[in-house]
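What follows is one structure encoded as structure tokens, with my remarks underneath.
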């Protein structure tokens, strides 16, 4: 049984213009220990795929036309809201793009971490190192301890005091570390990271990628990393799926897809990235390459 | 924190100086003959001249202003030509009634408006939402004085369950003076009957004043809650499995309060100004009634005095709002 | 010698504390010197907070300098009369980073591109008809068509808007363009097209570029010379090939190492991840 | 110029109004989505029409210039006197109808003056900043600390009765709010990239302010104007209610209501007619303003 198995996922969204078919039969299987990169340009539907796994697309406007998202054998599109809520945070962690807007500015980071830890701990006390049936006080104390430990783990020094700071007292890179701590505190089996380094400087990006990579290694979890940056995919991912207009054009191990791309779109994307050895005038845009797919 | 408050209080001094100067200039520049009005139609020119001298109105303006300023500090706020009493004494007598009325109204508006706003934001476009939003539009448009009259008609004249006007029946003795707010004083004295009487008199004018701010606060709270619900961090909180109740009442509420708070602060000034209308309708013996009388007789010392008191209350409220703002928004917290 | 920046320092005053007291100032630029040769592309690389935006604002005369001077063709731009400043602005134009924010949402594309022609009407001397022709010529030059002329910015994609921004900057035939992260808000494929357009325009019109970016790949692709700026100070500068192949400072080396390369074999994690 | 010579002659297409037109029709569509706003617009149009036509359609013209008919005093609403008659036997409908002239005219005049003065002060303060800003904003702050109703009452009382005196008195207390609004918006827009771009192109401050900043802040001003017109009408009525404002024979809603108080609750119609008129006018402008906000203010669009 795969960790995550997306089969023929079809999503439509309603807007002013009426209902638009956005995802056209996405198929994707993620096993533990795999880091799947999902690359695509603006509007390719990669973020909506990620949100679908956490079932965070409200309906309306979203509507699933067909398909299933099986997480450890259970179809996420068919579980109850309550079951889904337990899965989130405890079994599926999520990180978003902008660390400045994804932490609640009015609360100490400790409060936010502890609440997530408590949520995961109530679902499964072993996350906090407790036996089943632990008291509320035990849970709270353990959640606080685990929050500090997790902050240390993501590389925040003096975690025991910094846990009482507010988000605005941290730099962008540090905030993203805090968000990673929040996503990982429930010991999830699957991590969905939606453009986790896009808003960061390259030097910080490298550190955050290293952190995600190491956490994944250590805990042997599956990752769905959504990004537009082929460089990031090449660095950290074991597998990659190339998306274009709601379809996966090509998927497979990074070494195969990026070194020997089978689809012309992938090749074009690779040609559009300026690297150390691109000569001036050699870059190619996508002009005229891809036919306008009927939406 | 304490230092910050102190500094803010010190900064109020130039504001108040500017305010007195402004009021003084306005009062002196404006046409009108308050002395002539007060002396009556039969007064001789000599009598009027003598009154003017006694009131110090013949002196050069800067001297008059200086005299007024020094007087202000020592508690001499001038004489009311109409009541023939010191303005300061008058204001101290009427102030508690107004404070009681304004804060009762504010309490009603906040304690109903905020939960209602939160509730309608969550059940957006539901039946409750449409009903309250439509009602709120009506509430904002309803003139306070007309609402007052309607309430009197309804509850005092037809249903006869609440008194028509006044603050306390003349034949009864009000509770011992501690704060001057009858409801509070009655509670302090443990006098339940007096509390009920005071409350029954307070109810209608407070409701008449509260409706519009209630509607505005509700709308503001609804709008800011909806805005907060769309923030990225709410998505993160949801994505990590926190319950809707926890997200709404803990994480969203605190953020949504910040913008609503400013509106609440602004309404204190609006309520204080509105007392001239509502106190007139309900014969409520407060600053508004006093100011209205003074304005109609062009008796300017009381008008300046009342305006000054209201401005001070407003400035202190805004300071309190700023401090509270820091509680809700740690980014602007003051060292 | 076109643009010469000499020992520029910019200190922003600290926040007010009371009437006279001010908090400690923030040094955005410290003793920055660089010179851009006519016809060249000069790249300025820096991460957020490095001072590169402040430097552009200084060159445009939107900020005063705390020390140093900026010379354009030998004239100190902070000592110009208003008229001379206006003349200078017709020769030195800018393309901004965010194609969504840099176009007035209430103006048509025609009016946006024509605006510099109107502002510098005393120089270009075109009547309304000639202006429209010039606007159309510019749009064709950057790869748009006459059908786009009377539409509004919100009807265009990011890449198209950036082309409009470039057309506007070129309207009064400037010699010098400041390109402030012109492609960082765009998708890579669109970025490639815009970079090629900029390259073509430079060849055709003999423009001088000051290209500001955080993306070393982009800088390497389009620039002849490069300067690396970090926390308001220039770390090193020189020809692109020298700096990129043989960086002298640790910071530049770190930036180069951190740049994610789309070749999986160059990944620092590769061995561990590809089990 | 070499490039221009090579290319074939350019054909500039005619400027079409379609894009602009499309924007308008889309805006009107959004406005129509909310039936409350449409009702608001309808009432506003009806009120303005009634006020303009009042002299010709008033059923008892003699009553509005002071004529009385004590024989018919305190008649309840009927077919001949829709809103009943007052203590002097005057037809309430006639009084309320003609009263709309004073209320609507003064309300609109107050807002017009306040917008004109406030926009000027706010734009200058916001654009230039520095000591100009300091001085102007300290002045507006001072005015904002004074409860506007009391200040307006005091000024109006001192100036004496008369519509214009009342308008001036209220305007004095209203422009600071606009100055504040415009200043804030100008400061925000001043930092927007398209304004910086215009600056970099070499545009003068007049052009930047007039062509780029002000057109882009019209929406919040229009919304505030619509909401405020209602509240200006309310303030005019408030002044009338406490006994300041228009001289007696001229009917005015606030004054009518104030007189009616004496005959409560038995002759309730004398109060309900002018009170409801005030309520309806304020409500209509509020509904209209709300609808406009939905159309014009993208932040509140949801």
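Letters A, B, C and D mark the chains in the order given here, with residues in each chain numbered from 1 onward.
Criterion: a contact is a pair of C-beta atoms (placed from the backbone, for glycine too) under 8 Å apart; a residue touches a chain by one contact, two chains touch by 3 or more.
Since this is a predicted model, take the numbers as computed values, not measurements.
Engineer: Along the graph of touching chains, what's the shortest path length in steps from subunit B to subunit C?
Structural biologist: Counted as steps through touching chains, the separation is 2.
Engineer: Using mean Cα positions as chain centres, tell me which chain lies farthest from subunit D.
Structural biologist: It is A whose centre lies farthest from that of subunit D.
Engineer: Would you identify the chain whose C-alpha centroid lies closest to the centroid of all protein C-alpha atoms displayed?
Structural biologist: Nearest to the common C-alpha centre lies chain D.
Engineer: Looking only at C-beta pairs that count as contacts, which pair of chains has more of them, B-D or A-B?
Structural biologist: Of B-D and A-B, more C-beta pairs in contact link B-D.
Engineer: How many angstrom between the C-alpha centroids of subunit D and subunit B?
Structural biologist: 25
Engineer: What is the distance in Å between the mean C-alpha positions of subunit A and subunit D?
Structural biologist: 51
Engineer: Using CA atom averages as chain centres, what separation in Å is found between subunit A and subunit C?
Structural biologist: 33
Engineer: Every pair of chains that touch: which are they?
Structural biologist: A-B, A-C, B-D, C-D
Engineer: Provide the residue numbers of subunit C that touch subunit D in the complex, in ascending order.
Structural biologist: Residues 60, 62, 85-86, 89-90, 93-94, 96-98, 101-106, 108, 110, 115-116, 119-120, 129, 132-133, 135-137, 140-141, 146-147, 149-152, 155, 165, 168, 204.
Engineer: What part of subunit D is in contact with subunit B in the complex they form?
Structural biologist: Where subunit D meets subunit B, its residues are 36, 138, 141-151, 153-155, 157-160, 230, 234, 237-238, 241-244, 257, 260-261, 264-265, 268, 271, 275-276, 278-279, 282-283, 286-287, 290, 300, 302.
Engineer: How about subunit B: which of its residues touch subunit A in the complex?
Structural biologist: Residues of subunit B touching subunit A: 231-233, 235-243, 246, 250-251, 254-255, 258, 328-331.
Engineer: Which bits of subunit D are touching subunit C when the two form their complex?
Structural biologist: 3-4, 7, 10-13, 15-16, 18-19, 23, 192-194, 196-204, 207, 212, 215-216
Engineer: Across the complex, what residues on subunit A touch subunit B?
Structural biologist: Residues 54, 56, 85-90, 93-94, 96, 98, 101-107, 112, 115-116, 119-120, 123, 166, 168, 179, 182-183, 186 of subunit A touch subunit B in their complex.
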